[in-house]
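One structure follows; several queries about it will come next.
Chains: A, B, C and D, in written order; residue numbering restarts at 1 for each.
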Amino acid sequence: AAVLPVNALFAGDLEKNERLLHDLDDPTKSPGPGPSPLGKRSGFEKPVRKPSDISSRTPLQDLHSTITPADLHFERHHAGIPTIDPSKHELLIHGLVNRPMKFSLADLKRFPAITRTCFIECAGNFRTGKEEMTPQDVLGLTSQSEWTGVMLSTLFNEVGIDAKAQWFLAEGSDAAVMTRTIPLSKAWDDAMIVYAQNGEAIRPEQGYPIRLLLPGFEGNMNIKWLRRIELSEAPYMTREETSKYTYPVKDKIRMFSFEMDARSIITFPSYPQKVSKGYVEIRGIAWSGRGKVEKVEVSTDNGKTWQLANLQEPVLSKAHTYFRYLWNWNGNETEILSRVTDETGYLQPTLQQLVEARGPNIGGYHMNPITAWKVKADGSVWFKPEKYTDK
Amino acid sequence: AAVLPVNALFAGDLEKNERLLHDLDDPTKSPGPGPSPLGKRSGFEKPVRKPSDISSRTPLQDLHSTITPADLHFERHHAGIPTIDPSKHELLIHGLVNRPMKFSLADLKRFPAITRTCFIECAGNFRTGKEEMTPQDVLGLTSQSEWTGVMLSTLFNEVGIDAKAQWFLAEGSDAAVMTRTIPLSKAWDDAMIVYAQNGEAIRPEQGYPIRLLLPGFEGNMNIKWLRRIELSEAPYMTREETSKYTYPVKDKIRMFSFEMDARSIITFPSYPQKVSKGYVEIRGIAWSGRGKVEKVEVSTDNGKTWQLANLQEPVLSKAHTYFRYLWNWNGNETEILSRVTDETGYLQPTLQQLVEARGPNIGGYHMNPITAWKVKADGSVWFKPEKYTDK
Amino acid sequence: SLTDTAKKAVKFGFGRTATPKEIASWDIDVRPDGKGLPAGKGDVKTGRIIYTTKCAVCHGANGTETPGVKLPGAALVGDTLAKARPKTIGNYWPYATTLFDYIRRSMPYNLPGSLTDNEVYGLTAYLLNANKIIKADVVLDAQNLPQIVMPARKLFIMDDRKGAPEIK
Amino acid sequence: SLTDTAKKAVKFGFGRTATPKEIASWDIDVRPDGKGLPAGKGDVKTGRIIYTTKCAVCHGANGTETPGVKLPGAALVGDTLAKARPKTIGNYWPYATTLFDYIRRSMPYNLPGSLTDNEVYGLTAYLLNANKIIKADVVLDAQNLPQIVMPARKLFIMDDRKGAPEIK
């Protein structure tokens, strides 16, 4: 039986010839291409991460909600992205356990699964220094995903944990063989071994095929390409928890600061956007490593007064939370700021408060100051860089 | 000053020469490539939609959570995907309004925004017929996204709606100039004009740059590439709401069935997966166009008895909801099924109940029967196709 | 969760008034009561000629199903008898205005929007006649098209389900 | 939301026992108390030679910051004086075992995991001596390495924040 091609399939061929007869600017006048195995972005949209040699930053100002598209998730690598064959990858759990065990990826997927939406943020997330900075420049080392995997407690139950164990070492299979020590309590609380990100397999940059997920803890501790966990009485004092991810606090150096402190940033309006007089919906994200966002306040008068912003529901624990505040701008130059309070009652501090609390040698880790955008009378928006004494 | 290349950037070059000296299978022995502007999937993972000439289907069995990655969102086009320049696209609202208005995409983004996570499902979503069918084959015309945009009620307030208006026509700017009539009440309830999907610009297949979002309503009504809305006293009886998306119910033909009826499907285990004796976590998704999923029950004994499944939180209204049930399989041949009850008390029907309610000429729209998977003693899993009298 | 920051009383002032010309150029819909039908007319004979030139390649010489041939377009002509297969204009379309509206906006598939209003009237006349709904000498226009009572009209009902537990 | 379908009492039986050989081949970590240090030894002199061959290209001839040159690797040698810049082994590393552990697992950057245990002892000795922490004649091994008290040790404190409203 003769079969003529149908619909969109043949539309492609027809299009080439017929389109010439039509107004090229009117999409209603000629059929477009049909379905495909995998979609692509519109050619008019080109969101990108900003890569340096060791990291790349999420374009926060381009995102309208809180799940980061996987290909825009920030990166921080210490020896690049390993190529791992998932059929060969195994996770070893040993040390202070009743039975040291190895789990294949297939084994891990058979255990009861759970999905958790939370942010992962680099503990060094915060840059300042000039007015020409976008939210991506200032705070782009944070992203959010739907993570799916097995509760670490389920695996620890399977191997049996020795009563003497207090900590566990997690080790990656990248060329840095990255290690961090984590308190055992986190495993009984909410730690997971995850194999899926936004529904599909974790992306290579995020730890394919498995990573440790420690909701709310420093990004670096969420070991990627995880291959080994060792239960121990004491922390290992690895390079990443001593020489790195520690910071001067007056005359001491603080280490093992796990939770990411609550913070917020206005992503619209921000540099280099422009606004017009009248209604401007101020938008941004807020989050806390210690639980839910309780409230976000916005100031449109240089921090003199603060107004409650709307929080996008559902508000999840340890998760980027979108906030919005409707501002009726009178056209005068001003500064706009946001500050978050989390469910523990912690209010995001000013830079001045942080410097006062930690002293003049304050480092680049766990810096979560309130930040401001300057709105000029011409509607242009600029980052307000505030000096602090790190050098 | 001489600057030597750093870290991952130069790792690429080094790798070529040095890798030969190392065990190629051990990713800890050589640095990998560094950060990039846009991530890619692991070469070991190739999830794909299944395209026909007019649609493509989401690989439900490959997804571990409920946000569908944008490039795997199902498609259904009537004249292919138009190419639309977002800077030229406008939305016209006219008819029974106080002031007919045009809104540019930039205008729309200035209005107060909201994000809603919900499914969009084709009203014709359901295939049966043979044992060798995957969840993608059976129910792949449903997907879920985080949608962001403006409430239609906000725009209707801006144009001012005439008291005589009862319906509105929504029209696309594709080559089908697709139209559907929607009751005005939906606009006051929860309809939106959305420009973002999973945070970023809507994908071309999903209506770039804007689409109508009618949470819970038939996919076809969520007009893509939206360019015009006309307020009217009466429905327009367009081809898509008369010749299509209608179905015989005994001696009548039912039209304007908006809500997608509650349904569920087990996505694991499913054809062509295999399971082993012992613990098997049964997983799947359930949803309802009328509100929240109240409960999902799973049967592992051919429908004789039913057990409550866990629901993944947060359970959102009109949204795919992941469910899981831990089954201890004794190795005997059986059938596994799921059924959902939504918050209106509606229990997903059997195919037999649907045929009894609608008569022998039942069509392919709004078919939401309970479906079963057969588990053979060898662990193989097969779809259970049930005949019904359409043809 | 659907509470945005808009207060109902507020007018934002974004967007602009649409001009009558802008509206007219996009306002192509046709309602069952005839609202939207343009001036012009067309008869069965001219309709048949246009059909043969512009439609037959996809919908078949007579618009009917051809055994053994899978056409790119659906059958348009069938037994005008309720419940007969395939579902076509004669047995399944409740309103004649829909035919005008649909052809004008989206056919021919490869060149949508290319037909003149007279051509659409003619094609509509031809297809209604082929489906034994109007006589061969009818000249269709904005006045008589909405008057046509389609055989399937009486079968169509608005959704009669009340929601809640009911399976219907 | 973190309630999965696992009941604590259940053992699933997925996975397998790891063999001692499998564990040994991956168990490369070294703890401050010396647990994990392998047999073998190394002195400053041999360490310096290995450093020059395998490390200097990235960390500089002497491991110190070179004005006007941005090295691919961080400075490793500096003023062994608390709070001096740059932060290096002498003024910022609280445990000598970390140096052995880190070098063995991830250096040289381009060929991680390629050093013998003796080489790592040697490099550790060389870098500790260059930072004025051990004498030039020390031969490092599993016994004496954990005994070294690093100058920065006394500065390090575990997180002293209590959470809640406190800004600290």
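The rule is simple: a contact is a pair of C-beta atoms (placed from the backbone, for glycine too) under 8 Å apart; a residue touches a chain by one contact, two chains touch by 3 or more.
Not measured: the values here are computed from a predicted model.
More C-beta pairs in contact connect the chains of A-D than those of the other pair, out of A-C and A-D. Computed from the mean C-alpha positions, the centre of chain B lies at a distance of 50 Å from the centre of chain D. Our note on geometry: chain A versus chain B, Cα centroid distance of 25 Å, whole angstroms. Once the centre of each chain is set as its mean CA position, chain A and chain D turn out to be 28 Å apart.
Among all residues of chain A, those that touch two or more other chains are 5-7, 11, 28-31, 79, 110-114, 175, 177, 279, 281, 312, 314, 324, 326. Shared contact sites, meaning residues of chain C that touch two or more other chains, fall at 1, 3-6, 10, 12, 14, 105, 109, 112-113. Shown here, the protein chains touch in an arrangement that is not a line, ring, star or fully connected set. A list of each chain pair in contact follows: A-B, A-C, A-D, B-C, B-D.
Taken together, the chain D residues at the contact with chain A in this complex read 1-6, 8, 10-12, 14-18, 22-23, 26-33, 83, 85, 87, 89, 92-95, 97-98, 101-102, 105-106, 109, 112-113, 152, 155-161, 163-168. Across the interface of their complex, chain B is touched by residues 5-9, 11-12, 25, 27-45, 47-56, 62-73, 75, 77, 79-88, 110-115, 146, 148, 173-175, 177, 195-196, 198-201, 203-205, 208-209, 225, 279-281, 283, 312, 314, 316, 322, 324, 326 of chain A.
Of all residues in chain B, those touching chain D in their complex are 1-7, 10-11, 14-15, 18, 21-22, 26, 28-31, 278-279, 281, 310, 312-314, 324-326.
Interface residues of chain B, counted against chain C in their complex, comprise 78-79, 92-94, 99-104, 107-108, 110-114, 116, 150-151, 154, 157-158, 169, 171, 175-177, 179, 190, 227-228, 230, 232, 234, 236-239, 242-243, 246, 248-249, 251-259, 290, 344-347, 349, 353-354, 357-358, 361.
By the touch criterion given at the top, residues 1, 3-7, 10, 12-14, 58, 68-72, 105, 109-114 of chain D touch chain B in their complex.
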